[in-house]
Amino acid sequence: MAITGILRVGLIQFRVLDFEQSLVHYRDRIGLNEVGKIDEDRIMLKGYDEFDHHSVVLRRADRPGLDFIAFKADSREKVQDVLRRTREEFGYTIEELNDQPGYGTIYLVNVSTGHKVGVYSDVALAEKTPMIHNPHIWDEQPRGFGATHFDHALLYGPNAAETVRWFTDVMGLAITEELQNAERTGNICTWLSASTRGHDVAVLEFPEPGKLHHVSFHLQTWDDVGRAADIMARYGITIDAGPMRHGITRGQTIYFFDPSGNRNETFAGGYEFFPDNPRRYWDAERAGEGVFYYNKALNSTFLSVYS
Amino acid sequence: MAITGILRVGLIQFRVLDFEQSLVHYRDRIGLNEVGKIDEDRIMLKGYDEFDHHSVVLRRADRPGLDFIAFKADSREKVQDVLRRTREEFGYTIEELNDQPGYGTIYLVNVSTGHKVGVYSDVALAEKTPMIHNPHIWDEQPRGFGATHFDHALLYGPNAAETVRWFTDVMGLAITEELQNAERTGNICTWLSASTRGHDVAVLEFPEPGKLHHVSFHLQTWDDVGRAADIMARYGITIDAGPMRHGITRGQTIYFFDPSGNRNETFAGGYEFFPDNPRRYWDAERAGEGVFYYNKALNSTFLSVYS
Amino acid sequence: MAITGILRVGLIQFRVLDFEQSLVHYRDRIGLNEVGKIDEDRIMLKGYDEFDHHSVVLRRADRPGLDFIAFKADSREKVQDVLRRTREEFGYTIEELNDQPGYGTIYLVNVSTGHKVGVYSDVALAEKTPMIHNPHIWDEQPRGFGATHFDHALLYGPNAAETVRWFTDVMGLAITEELQNAERTGNICTWLSASTRGHDVAVLEFPEPGKLHHVSFHLQTWDDVGRAADIMARYGITIDAGPMRHGITRGQTIYFFDPSGNRNETFAGGYEFFPDNPRRYWDAERAGEGVFYYNKALNSTFLSVYS
Amino acid sequence: MAITGILRVGLIQFRVLDFEQSLVHYRDRIGLNEVGKIDEDRIMLKGYDEFDHHSVVLRRADRPGLDFIAFKADSREKVQDVLRRTREEFGYTIEELNDQPGYGTIYLVNVSTGHKVGVYSDVALAEKTPMIHNPHIWDEQPRGFGATHFDHALLYGPNAAETVRWFTDVMGLAITEELQNAERTGNICTWLSASTRGHDVAVLEFPEPGKLHHVSFHLQTWDDVGRAADIMARYGITIDAGPMRHGITRGQTIYFFDPSGNRNETFAGGYEFFPDNPRRYWDAERAGEGVFYYNKALNSTFLSVYS
């Protein structure tokens, strides 16, 4: 296979304050399908165009924020290789997670930024996958924004360079773009891809550990981004920024908030990345343009609001 | 790296009857950039969003048709591995091609369908690549349809099953979709991907060897497909079918002809393929819907016109 | 007021064979809102972006086809003026229709092509109009294709030139485009507008009286046209032609059939017409391009299938 | 004719500091066609989809700002009627302008807000109009944003209510929307239409007379708005706000600045207005949402930056 090892970010669990409003938000507006409950405090969702059992878990808690993100490996061997090298080369602690329906063991690595980053290879197909035999483009007309899948997350935390090195050296992700610090001694933020996406994950150097800047859901076109903005405006979803384009990744995007205070993103466009592409890099003083390509300045919430 | 081995179809050389009209077509309408001449009879072109030296060669000849397509490998080792296994397992003859500017040796394999399929690892960056340092989404506003890159080709020839097996077993491509014959003893057509594309190449069982059904260029959205159709209509480009969607690959598409009689395609949309996705398959009697998702019937030229 | 007299085509009543399938088609797919029943055999519908009580009536009957279309006048004086001049200058019979809920009297004129064309000035606002006070762009996210309103119809019948003259001289519509016959002695088809639309109605010379070629519903963009095509393909709606563009009116369009055999159209794009614009005209031999701008040839059903 | 009297805003003359940069901006980026020079200090432009001789005049001066806007009437009688009633009912002074190539006399009325608002009926067709005989949708592929026509302007000045009354009572425009002041004693801003557009002109109550908030050019879709934003970002055009949607008029828009400091707008979408539609109205405290539908708050420049 030409795509091997770590295939994609495939699962995210984060915290919400309330289920009723969260379901309106994630199911009816963003358009994810409700898969079911794990227990009283966890609901599973997935994009209509995803094959795996589920890709998003909302956990009810008293504050928002990330529990973990996890990556799909193409084999148990790859998982074992990641675990071995993680222990040997990084010494990170690893937890086993065995209670996600449809999933085999998910190994959660405690990386230097204070996040839990999982790796797994065994996951059942969803009950309702995209069609396979004489398939229609979708089985039921998508709801709300019509998000196809969980796409990526941006993580904030300390010692980002080390976590990035773990992603590249152990996980085998490629750096697609980097925002270099003013001194050119390292990166403010680094974008990493397991496949041809502009990124599966990005990591920003930040004093507080384990923070989530945003969870992103994929839309198909700029037209879908505009329709999503209309739905947000109509139903009172707070828009943080956009519709706009990122200079970095070229994504067409809106940042907005879920009812619990987690930042979400809709993401379309972007280029097709290959590992033989030269790495794109940005100067610190062009950060505004990198993130807010049209307005060319970071807004006040970009670094101050996270969960 | 998560994407390894064969990365993508990266180069195609085909024949045109005339340069003047062909340049109007490929450069001014489709929007490829002219890279330069190899010799009196060959012109190099590339999409504005491609990094490699060139991706399309038009060779002046007295009849249209395909010279070869070629795939980029991530290493010389992968190329050697392909060559060794090709000789050992398939016994195909292999030619060396050393006169493509910017390219190291391209090894052309004579596969069972009568096509020459190349593999190479060494290619220089284009003089004008996409921007890398504080990059804009493009350096100059794209022309014509604004095609980003050469995307894929559909090949017609005999013994397609064997060529498909060579693509999967030796080249490492994945089958994304297949159109099964009525007897379910094999495929009428098979779609193969090196990465997350719906396909880099498709192979259709056909009595005549070495035929080209179409060369496809990538557009970004359905809106771009519509704009391309307007340009075709305005400038007298003959449309074969579309704008429409394929059921197979979900691509949004127009089939049209270059001034020499080669079928072209503009292609947008489609899904993001992963090698752990179940293979999609189509019944022979649903072929119409697979190719012409909206009209649900093959048009009369689909099997009868090729180059 | 700058727009005076006849404002727009505002109401159409046509026949369907069955209500259940028709409602799935017109309400769930095209996205019209169900307003209610007039009686056992008539259902009222309207586009979500229309203010008037209803704009479409489906009448249950044993064969498809048109009952009438009707135009909104800005005053009773205009209606009376139309009626007087119709009697005096054309001698057409006029019927009064008084049973459309929300509507005052609709006067149906029996024009030369064998159609009933109504005129009225009094109509109540719908119970659910577009929002007016701090309005959102829509109150509920549109369903299906998201059609905004009934847009126009194409009528087939004899003595078209006379009906066209009635539309211009008595009703005050402007001819926006004409397809001239080969002898240049008259028009094969004429497009007429009451406002800035490319047309509210078109009239094609045809031996059979009172025929309906298509009823058209307005979409906002080419992207909406593509989404409509996807929905048609998914739910088995028969597409006659498109997605495509008309040369005449520049509309972006799909012709398709309702379950009873009436041809529908989705229509987006087109230009903004003003009465001081020169009249656009087409030669008979360019009719193919005028209707099917991309394929440049009328399909076999264009003149042979109607209701 | 159903559209009578004042047809549309058809001409605007405003000041720029420099021709070279202004032509790059208005011709190459916005995509207007250069019609020619009136004299050393005035250049004529028009949208590719406009029939009249020209619609935009850039006058070289030492500060930006509006010279005049002017409306096309369908007859000299309408012009005379406007002039007579202006003198009798409003007592405004009227100037004659006779040096615009292709135009007959333009009568400039000095309205209460301190603007010159012209009216004219005689104007020659442009040398290069949209095609009329077997027309293509455009003759040459549009440049830059592909703006079709000058669409509307927003005027800032004192005694806005009186100017609005002149527009409705004398000119015959319809009020489409109004933003009422907090005391509900009048409007902060009023939107006026001569035809089915959401507005040809809007007037905002403001202490300084004769000010221009923005000149707007029409694009066809949200997709065009996004492409325009990309071009602005690439070529360093300063974006004031957007891409976004207005709640008022539903327009899809970007506010940006020309090199001289005049605010421009690209405008797509919006509804089809008819004079029998109920008037939409907005509460003062919802002004943010009315203008910036997505972000729901006026930005700091909206009231403070004008020319």
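So that you can tell them apart, the chains are marked A, B, C and D in the order they are listed, and the count of residues begins at 1 in each.
As a convention for this text, contacts are C-beta pairs under 8 Å (C-beta built on N, C-alpha and C of every residue); 3 or more make two chains touch, one makes a residue touch a chain.
For clarity, every value in this text was computed on a predicted model and none was experimentally measured.
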{"item": "Pair exhibiting more inter-chain C-beta contacts, A-D or A-C", "value": "A-D"}
{"item": "Interchain centroid distance [CA atoms averaged], chain C/chain D, Å", "value": "31"}
{"item": "Cα-centroid distance, chain A relative to chain D, in whole angstrom", "value": "43"}
{"item": "Chain A and chain C: spacing of chain centres that average the CA atoms, whole Å", "value": "47"}
{"item": "Residues within chain A bordering two or more other chains", "value": "136-137, 221-223, 230, 233, 245, 247, 289, 293"}
{"item": "Chain contact graph, described as a line, ring, star, complete graph or other shape", "value": "complete"}
{"item": "Touch list for chain A against partner chain D, complex", "value": "221-223, 226, 229-230, 232-233, 239, 242-245, 247, 252, 289, 293-296"}
{"item": "Of chain B, residues touching chain A in the complex", "value": "1-8, 49, 51, 72, 74, 125, 129-137, 149, 172-174, 193-197, 220-223, 245, 247, 250, 269, 271-272, 274-283, 286, 289-290, 293"}
{"item": "Interfacial residue positions of chain B with respect to chain D in the complex", "value": "136-138, 141, 144, 221, 223, 230-231, 233-234"}
